[in-house]
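Here the chain labels run A, B, C and D in written order, and each chain numbers its own residues starting at 1.
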Amino acid sequence: MAPDRILTADEIAKHNSRQSCWVVIDGHAYDVTDFLDQHPGGSAIILRYAGKDATEEYSPVHSPGTIEKELPKDKHLGQVDLMTFLSIRKASKSPLTNATPSGPLPIEMCVNLHDISLAAQKVLPERAWTYYASASEDLHSHRRNLHDWDRILFRPRVLKNVKHVNMHRKILGFESSLPFFIAPAAMAGLGHPDGERCLVRGAKKFNIPYFVSDGSSVSHEDLAQELEREGYGGVLFYQLYAKKKKDLTIQRIHRARQLGYKALIITVDTAVMGIREEDDRYRMRQAFERGEKYIPLCGLAPLTKDDDWVLRGVHNAALDWNDLKWVKEAWGNTGPISIKGILTTEDAKIACEMGFQSIYLSNHGGRQIDSGPSGLRALLEIRRFYPDVFDKCEVLLDGGVRRSRDILKALCLGATGVGLGRPFLYALSAYGTEGVLKVIQILSDELEISMRLLGVTSLDELRPHMVNKLDLDNSIMREIPGFKNSTSKL
Amino acid sequence: MAPDRILTADEIAKHNSRQSCWVVIDGHAYDVTDFLDQHPGGSAIILRYAGKDATEEYSPVHSPGTIEKELPKDKHLGQVDLMTFLSIRKASKSPLTNATPSGPLPIEMCVNLHDISLAAQKVLPERAWTYYASASEDLHSHRRNLHDWDRILFRPRVLKNVKHVNMHRKILGFESSLPFFIAPAAMAGLGHPDGERCLVRGAKKFNIPYFVSDGSSVSHEDLAQELEREGYGGVLFYQLYAKKKKDLTIQRIHRARQLGYKALIITVDTAVMGIREEDDRYRMRQAFERGEKYIPLCGLAPLTKDDDWVLRGVHNAALDWNDLKWVKEAWGNTGPISIKGILTTEDAKIACEMGFQSIYLSNHGGRQIDSGPSGLRALLEIRRFYPDVFDKCEVLLDGGVRRSRDILKALCLGATGVGLGRPFLYALSAYGTEGVLKVIQILSDELEISMRLLGVTSLDELRPHMVNKLDLDNSIMREIPGFKNSTSKL
Amino acid sequence: MAPDRILTADEIAKHNSRQSCWVVIDGHAYDVTDFLDQHPGGSAIILRYAGKDATEEYSPVHSPGTIEKELPKDKHLGQVDLMTFLSIRKASKSPLTNATPSGPLPIEMCVNLHDISLAAQKVLPERAWTYYASASEDLHSHRRNLHDWDRILFRPRVLKNVKHVNMHRKILGFESSLPFFIAPAAMAGLGHPDGERCLVRGAKKFNIPYFVSDGSSVSHEDLAQELEREGYGGVLFYQLYAKKKKDLTIQRIHRARQLGYKALIITVDTAVMGIREEDDRYRMRQAFERGEKYIPLCGLAPLTKDDDWVLRGVHNAALDWNDLKWVKEAWGNTGPISIKGILTTEDAKIACEMGFQSIYLSNHGGRQIDSGPSGLRALLEIRRFYPDVFDKCEVLLDGGVRRSRDILKALCLGATGVGLGRPFLYALSAYGTEGVLKVIQILSDELEISMRLLGVTSLDELRPHMVNKLDLDNSIMREIPGFKNSTSKL
Amino acid sequence: MAPDRILTADEIAKHNSRQSCWVVIDGHAYDVTDFLDQHPGGSAIILRYAGKDATEEYSPVHSPGTIEKELPKDKHLGQVDLMTFLSIRKASKSPLTNATPSGPLPIEMCVNLHDISLAAQKVLPERAWTYYASASEDLHSHRRNLHDWDRILFRPRVLKNVKHVNMHRKILGFESSLPFFIAPAAMAGLGHPDGERCLVRGAKKFNIPYFVSDGSSVSHEDLAQELEREGYGGVLFYQLYAKKKKDLTIQRIHRARQLGYKALIITVDTAVMGIREEDDRYRMRQAFERGEKYIPLCGLAPLTKDDDWVLRGVHNAALDWNDLKWVKEAWGNTGPISIKGILTTEDAKIACEMGFQSIYLSNHGGRQIDSGPSGLRALLEIRRFYPDVFDKCEVLLDGGVRRSRDILKALCLGATGVGLGRPFLYALSAYGTEGVLKVIQILSDELEISMRLLGVTSLDELRPHMVNKLDLDNSIMREIPGFKNSTSKL
C-alpha cells in the first residue's frame, strides 16, 4: 500500500476481524492480523479495537515506539485522517445519551444479577415489586438466605488443565446444560404481559429445567405449548400446592401429566402462608384509601369473632405424610417427585425412606416462617446427621442464590441442582424474555470462570474439601436430641 | 338474568357474602358463589372482592378469558355500568386522605408491634415516652433483650396435620387462651387517662393473665372492679415491690388478697433503681429550666455530703431471702407465688428449694444492671446447670419479646409463659383499649401461623430440639465455679 | 389553719424539708410531712416537690381523689393562689435559656462520662483535643479498649441484703475510698490553666490515689504542696519514664521520694512513642502553613539520611529488666513499685519473680503498638496461664474504662484497682476542678448502684463467677508455646 | 551578651542546630544548647523550635517560671523584637494556602498509606483508578484481604533492649534492607508517564526487591537499564504469565535471564481472568456511548454463540504442573523460582516436592475467584497441615498489606517476605518516584517502631507465640479430607 495515502475511518473499519485486523495508533494504521497470536497481552484486547482507533488503550501500557519496533515495516499502513473517525463516532451516538437517568440500565450494561434487580425495582409498579420482593415478618430468614453463602470459602487449586469446562448436569433425571434451574415462583404476569412464557423461552434456549409454579399467571397449557414451539431444549416440571379438596389436587396432577410436565414438585411448607408484611401494608393502604376493611390474606380470623367465613390461608393445613401416598399414586410413573420445603434432617429422612426421588431444601425465599434456617444450613445439617441422603435421594436447594459461586458451593456440598426464583421474575419484569436470557448468560459465564479458578473442569469433580465451610458449620447443631442415624459426615 | 341488562354498583354490592358472591371483571359481572370452593387460589381472595370490581387483582394473574371458560354461562351476569363504581369509591373516601402525615398510623394499618411502638412515640409527650422507653446506662441489657431472640432458629417440620391449633396454656395454675401475659409495668396513666383499665379490658376479652404493677396509676381496687364487670375471662395477679417497712409490705399483700388477686409476683431485682439516663436527663432539663437543683431519683447522695434526707431509691435494699418467709406467710394459701428478676442458676435453685411455685426470669426490661444477661440467656444457663427446675417450678420470662415467634422459642426451651411490658404501654398510649386488643390479636395471629409453620398443633408438643440454640448457647458459661448440681441438659 | 385562706407560693416554699413538707396539687396545698414514710412510691419523689406545685408529677400516676382519701382532713391546707407560682418561676429563670447551643452542657446536666467527653471536645482547642484523644495508627487498640468491657456480662444475684455498701479498697497499700484511681496522663495544662492541680484536688476530696505523670504540666513540687493544703485525703504516686541517661533517671526518683510520693510506677511500654497520626497531622498542618518542615516526633529519621540529630523518640529504647534493679535500689524502701505496661503472661511472671509489688496492665490508652491486647485481655490471659500472680503481686489495670460496671468486672477478675486517664483530662478541660469532682461522683454513684444490683456489699466479695467472661475468653490463646507454668485457672 | 539588647528573628534563626540552639519563650530568648540532653521531655521537641518562637508549645506544659529557674542566668539572652517574627512567618507563607481543596494532599502531609491511596483517587483518571482499584465480583476476597490482618493481635514484650533494630532480610536469596517487596502489578503507565521506572528507583534507593510484572508498561529492557544507572541497591525479579504458546513463554523466560532478572515468579492463579465488574462497567459505558458492542475481556463467549473468535481471557487455561518442568528447565540455574497464587496446603506441598525454592501465597489482590481465602489464611492453613513447608521452601505472601504491623504478623507466622502492590501504583500515580520513596519510608518507620514496641531487635527473633492468631485460626478448617501429612503445628 502506498505509504503516502491517507486512510479514512471507513476503509479501516472493514478490517475488523481475525481474518483481517487493522488498528489505528497515534494517527497511523497498522495491519496486526499476523501479530494477533504473538501479542503478549493476548489477541482479545486487540480484536476489540479491530477496525478502530486503539490509541487510548495502547499508549499508557506500552513504551513509545513499541509497535514500530515489533511490527514488520510492511504492516505499517500509513497515516489516517482522524477527522473521519470523529464523524463516525458522532453518527453512532448511543441511546444512553437520551436515556433518562431514572430509567433502568440498558440491558447491555447489566453485569450481574444485582443490576437486574435494581432495574426491576425501577420499572415495576409498587404492587408487583412488593409482592415479589417481600418476605416474612422481620426478614431474618430472607437475609440469612442472602448472606449465608458468604460464610463458605473456596479452596481454589492451581495448575490444573482447565481449558475445557463441562457444565452439564442431570437434574431429576433430565439433562441440563447448566446445574441450575428456574425455581417455581407465582404470578409472573405482574411483571410482564408475557408472564411465564418468558421463562419457558429462557429454559429452552439454554436447555435448563423450569419448575412451573402451580400459581402461574399464564395457563399451564399455554406454557406446555410454548415449549413445543421451534427451539432447542429445556424441560418443564410441575410445582404443586395441595388444595383443600383431595379431588381438586388429583385433578391438577392428572392435568400436569397430560400436559407433559416431566417431574412433580410438591411444596410442603405452606400449611398457611407466612406473614409478608410489606405485601399486607400495600393492600391495607389500598383498602384504607377506598374506605374498605382489609383482612390480611395470610392472617387469621380474630379468636373472638364468631363468624368463620374468612378462611385461614389458601393452602391445605391438614396435609400430612400419608397424603403423599395418594399424590404419588396420582402421578404414577410419569417421572420423579421432589418434596420441596424440607429444612430438617428428620423430614429429609422420612422423604427418603418413603421412596421419593428427591428432596428440595428451601425456606420459600424467606416468605414462610421467619427465623428459620436457609436451605444451605439445612444442607449442612443433613450432611452431618444423615449422610446417606446423597445415596438415596437427589438434593435440590434454593434461597438467596445470586452468583454462580453460590451454586458451586452448594454442589461441592452435595446438591445436584440449585434454583433461583426472584432474579428471574426481576429479569422478565425489567427486560422480558431478553432479561431471562441475560440472567442465564451471566450465571453461565460466572460459572465457567469460577470453575476454572477453582481448578475443576467438570461438575462431577466437585467435593466437600474444595470449600471451607467451618464458619457456617459452627452454627449447625452438634446433636439432634431423639434423632438416631448411622455415621455423621463432617 | 336478562343478559342485556346493565348492572349498577349498588346492585352488585349487595352480593358480598359467601351466600351470594358477585364480582366484576373487565366490565362484566359474574356470580361466583358456587365457584368459591373450586378456586385454585382459595376462596378468601375472591371473597375480598365480593360485591366489587376485582379486575385489578384478577387480570395480571390469569390468562385472558379464563373466567369465561371456567364459569358456566348461567353465572355470567352481564355488563356493568362502571361509572356507578366511581361514585361509590368517591363517597367512601378514606380518613387517611385527611390525616396529617405526622399523626400516628390508623390502628387498622398496624401490622406488627413495631408499628404500635412508632405510633406511641408520635403521640406521647416527651416525659411519658422517655419514662417508658428508657433503660439503664448504655442500653446494653436492653438491646441484648431485643436481639437475643434472633440468635435462636427454628427447625420447622413439614407435613404434620396442623389444621386445628390449640394455643391454650395454664399460667400459674390459671387457664389462659394464649401463652403470654401482660407483664407488670408501672404508670400506665402517663400514656392514657384510662391507664391500667385498658389492660384489664384486654386481659378479659382475650382471657389472658394481667400482672398488675404495684405502681399502677389506677388504684388496685378499681382494677379489681374493672375485671368484675360483664365480660369473658382474664385473671389478675399482683406484682409487689417490698417496701422499706415490713408492716407496709404486709398490709399491701393483705389488701391484694382481699381484692381477689390470684397470684403474687415478688420483684427482687430492685434493691435500688437502675440508672435510666434518658429519664434523668429529661427531669434535669426541666429542673434546670426552672432554676432548680435536681438530684436523680435513682441516684445517690454524694459520698461527701453530710445531710442524708435524700433517700437512695424507693425500694428496700435490705430485703433478703429470709424476708420472703414472712412474705409467703402473709400471702398464705391464696395462690401461687413467683419470684421475679432471677437471672442466675444459683438463685433459681434457692427459689425452687424454698418451695416457691414459680421463678420469673427478667432483667426488668434492661432498666436495672446494665451488662446483665437477658431472661432468655438466663433460661439457657439454668437449663444447662439446673435442669430439675422444670420439674419443680414454673418458669416465666420476659424481655424484648416483640413477636410470637419469640414466645414459641421460649416455650420450646421450657418456659411456661412469656410476658410483654412496653408493647402494652405503647398500645394504650396510642390507641387506648383498642390498642391493647390489637396487640393481643396480632400476637395471637402470629402465634397460630408460626405454630402451623413449625409443625405443631398444641403448645404441649414444643420441645428443645425444635430450635437450634447453638449460637446463643455458645455464650453461656461452661461451668459455674462453686455450683454443684446433678446432670446438665444441653 | 383557716380553710378559707388563700395560700401563696412564698408561704408554701418555706415548707420544703423533711421536717415540714407541703405540696400543691390541683390548686390545693397539703401538709404531707407525716405521710412521707407511708408513701408507697417513697419519700424522695415527694421531697423533690417539697414547697412546690407537684400537680404535673402527681396527676398522671394517681387516680383522681387519691390524696383527698389518703390524707387526714387536718392536713388539707386549702386553696393556693396559682398566680404567685408563676412569678416565682419567672424570677428563677435558668441560665440554660441564655446558653448558646454550641457551648458545653452545664455541668449539672452531665449524667455520665460520655457527656464530659463531649463537653471537652466542644471547649478544647484543636491541638489539645487532638493530643488527648488521639491514639496510634488505625485505632484498633484504642477501640478494643472501649469495647472489650461489653463482652463480659454480669451474673447478678438477688435478695442479698445490700443496704450498706462498702467501696473502700487498699491500692498499693494505701486506703482508697473507691477502687479506682487517676491514671498517669501528661500535659493537663493543655486543657486548663490549673492543670494537674485539679486532679490533686479531686483525689483529696474523694480520697483516692492520683498517679502523677512524669510529664506533668505543673511541677511535681507544686502538686505535692497542693496535697498538703487543708483537706481530707488522697495520695500521690509517681509515674516515671526512664530517661536516656541513668543519672537523670535516678535524680528523678530521688526527687519523687523527697517530695513524698508514696509509690513508684515505672512505665515500660515506651521504648519509642507510638504513631499517633492525628497528632502528627495537626502538627504537620501547622508546620506546613508556616512553610516549615515537620519531622514527626514519634517517627524516625529516614534510613537513608546521614545526619542523626533527630532523636528517635524521647524515651529510653535501651532499658531492660536489669535496669530495673538500680531503679529499685534508687527508690529503696520508700514504698511499693508497680510495673506499668505489661500485656503478656511472660512479662507478668518476670515482674513477679523479681519481687515487684505490682504489675499494671495497660496498652497506654491505645497509644503505643496498634493491634495489641487491651489491659482486660491481658488480665484474662494472665489469669489463665499464671494464676499465681494474684498471690504474689497486686494487679492494676486501665484502658477504656468509662463506667463503674467496667471497674467491677475487672475487680471480679482479680484486679485490685482500675485507672482512668482521658476522662479526667476531659473533665478538667471542660469544667476545671468541678469536672474532676463530677467524674468521681458519677463513678461513685454508679459503683454503689451496680454493687447493689450485683448483690454484693463489699468489694472483697467479688469473685470470677460473678461475671460471664466466656465470650472474651474465647479470644485468648489456648496455649503459649514455650511458656511453662503450674495450673491454669479458667 | 548584653542583656539590654533587643534580638531579632534573623539573629535567632541562625542558632537552629544541635551545635547552637536558641529558642524564644514569652518574648525572651534563651540558649538551650547545653540543656538539650537534660530536658526531661527529650531534645527532639526543643530542636524542632531551634531558632524559633517556642512559646505556643512551651507554655501549656510548664509551670510559669520553669525555664527561668532551670536555666543558668548566663543562658538568658534577653528580650526579642516579636514584630520581626511576624514578618518572617508571612514571607514563608505556605503553598497549602493556595492549594485547591480538591487536589491531593501535599506529599509531606501523608502520614500513612491510606493518605497515598486517597491522593491517587483524586488525581487518577477514572479508567486508571478503576483498573487499579477494582477486584472481582462482590469484593469479598478483596475485603477479606484488608480485614484479616486485624484479627491477629500482637503479644508485645517489654523491657528488652531495643535500641538497635535490624530490619534486613534475605528474600529469595538476595539481601534486602527491609522484609517487604514491590509486588508484581501491571500497567503502571496508566498512573504516571514514567510508569514502572518509578518503582525501580524506589527499589534501588531503599535496596528492596522489585518483582517486575510481565505486563509492565515500560519495557523490561528499559527497567533493567534503569537499575544499572548510578545508585545504591535493589534487585529485579521477573513475574511471568505463561502464554498460550509454549515457545513464546520460553522466549520470555530466556529474555528475562539475559536482561539479568535474578529470580522467576510464575503466576499460576490466572487460568482465566476474574470478573472485575467495575472495570467492565467502565469499558461498557465507554463502548455504549460510542454505540459499540462490548464483550467483557474477562468474560466468555455466550454458550449459544457459534463463532469462537473471542478468546476466553489472555492466559493459558491449559497450564498444569507438568508444564512447570519445562519452565524450570528454561530458567535453568539462573536463580530461584517462586510459584505465585498458591492458596491451599495441597498445592503448597506439590510445589515444595517439585523442588521449587519458594511458594507465594496470594489471591491476586482479590481480583480472581471471589470468596477465596486471603494469603494470610492460606498461611495459617499451611502452617497447620504442612508445617514442613518452612524447612523446604521460602514462603512469600501478599494481599491487603497496608501497615508494617501486617508485615510483622506475617513474619511471625513464618513468611520470609511480604509484597505490596496497589499502594505502590497509587504512590506513583499521585507523586511519581517521590511517592514510591514515601511509601517505603513510611513502612520502614512503622516497622522500626513496631519492632521496638513488640520487643524485638531483629526479624530473626520473630516467632508464632508473639501473636495471638486464635480468632482467625478458628476460621481455618480442622481437617482436610483426603490430605495426609505428618504432624500439625497449631
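Everything that follows uses one rule, which is that contacts are C-beta pairs under 8 Å (C-beta built on N, C-alpha and C of every residue); 3 or more make two chains touch, one makes a residue touch a chain.
Model, not experiment: these values are computed from the prediction.
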item: Chain A onto chain B, rotation angle from CA fit, given as a multiple of 5 degrees; value: 90
item: Proportion of interface numbers common to chain C and chain D (over half same, under half different); value: different
item: Computed distance of Cα centres, chain D from chain A, in Å; value: 40
item: Chain B-chain D separation of Cα centroids, rounded to whole Å; value: 57
item: Residues of chain B whose C-beta touches two or more other chains; value: none
item: Pairs of chains, among all present, that meet the touch criterion; value: A-B, A-D, B-C, C-D
item: Touching residues (chain side chain B, partner chain C) in the complex; value: 128, 137-138, 140, 186-187, 189-190, 214-215, 217-219, 222, 243-245, 248, 252, 268-269, 271-275, 277, 280-281, 284-285, 288-300, 302-304, 309-315, 317-321, 323-324, 339, 341-344, 346-347, 350, 368-373, 377, 474-483
item: Residue numbers on chain B that touch chain A, as the complex places them; value: 17-18, 37-38, 40-45, 47-48, 60-63, 66, 89, 92-94, 96-97, 106, 108-109, 111-112, 149-150, 152-163, 177, 205-206, 403, 405, 409, 441, 444-446, 448-450, 452-455, 463-465, 468, 470-471, 490
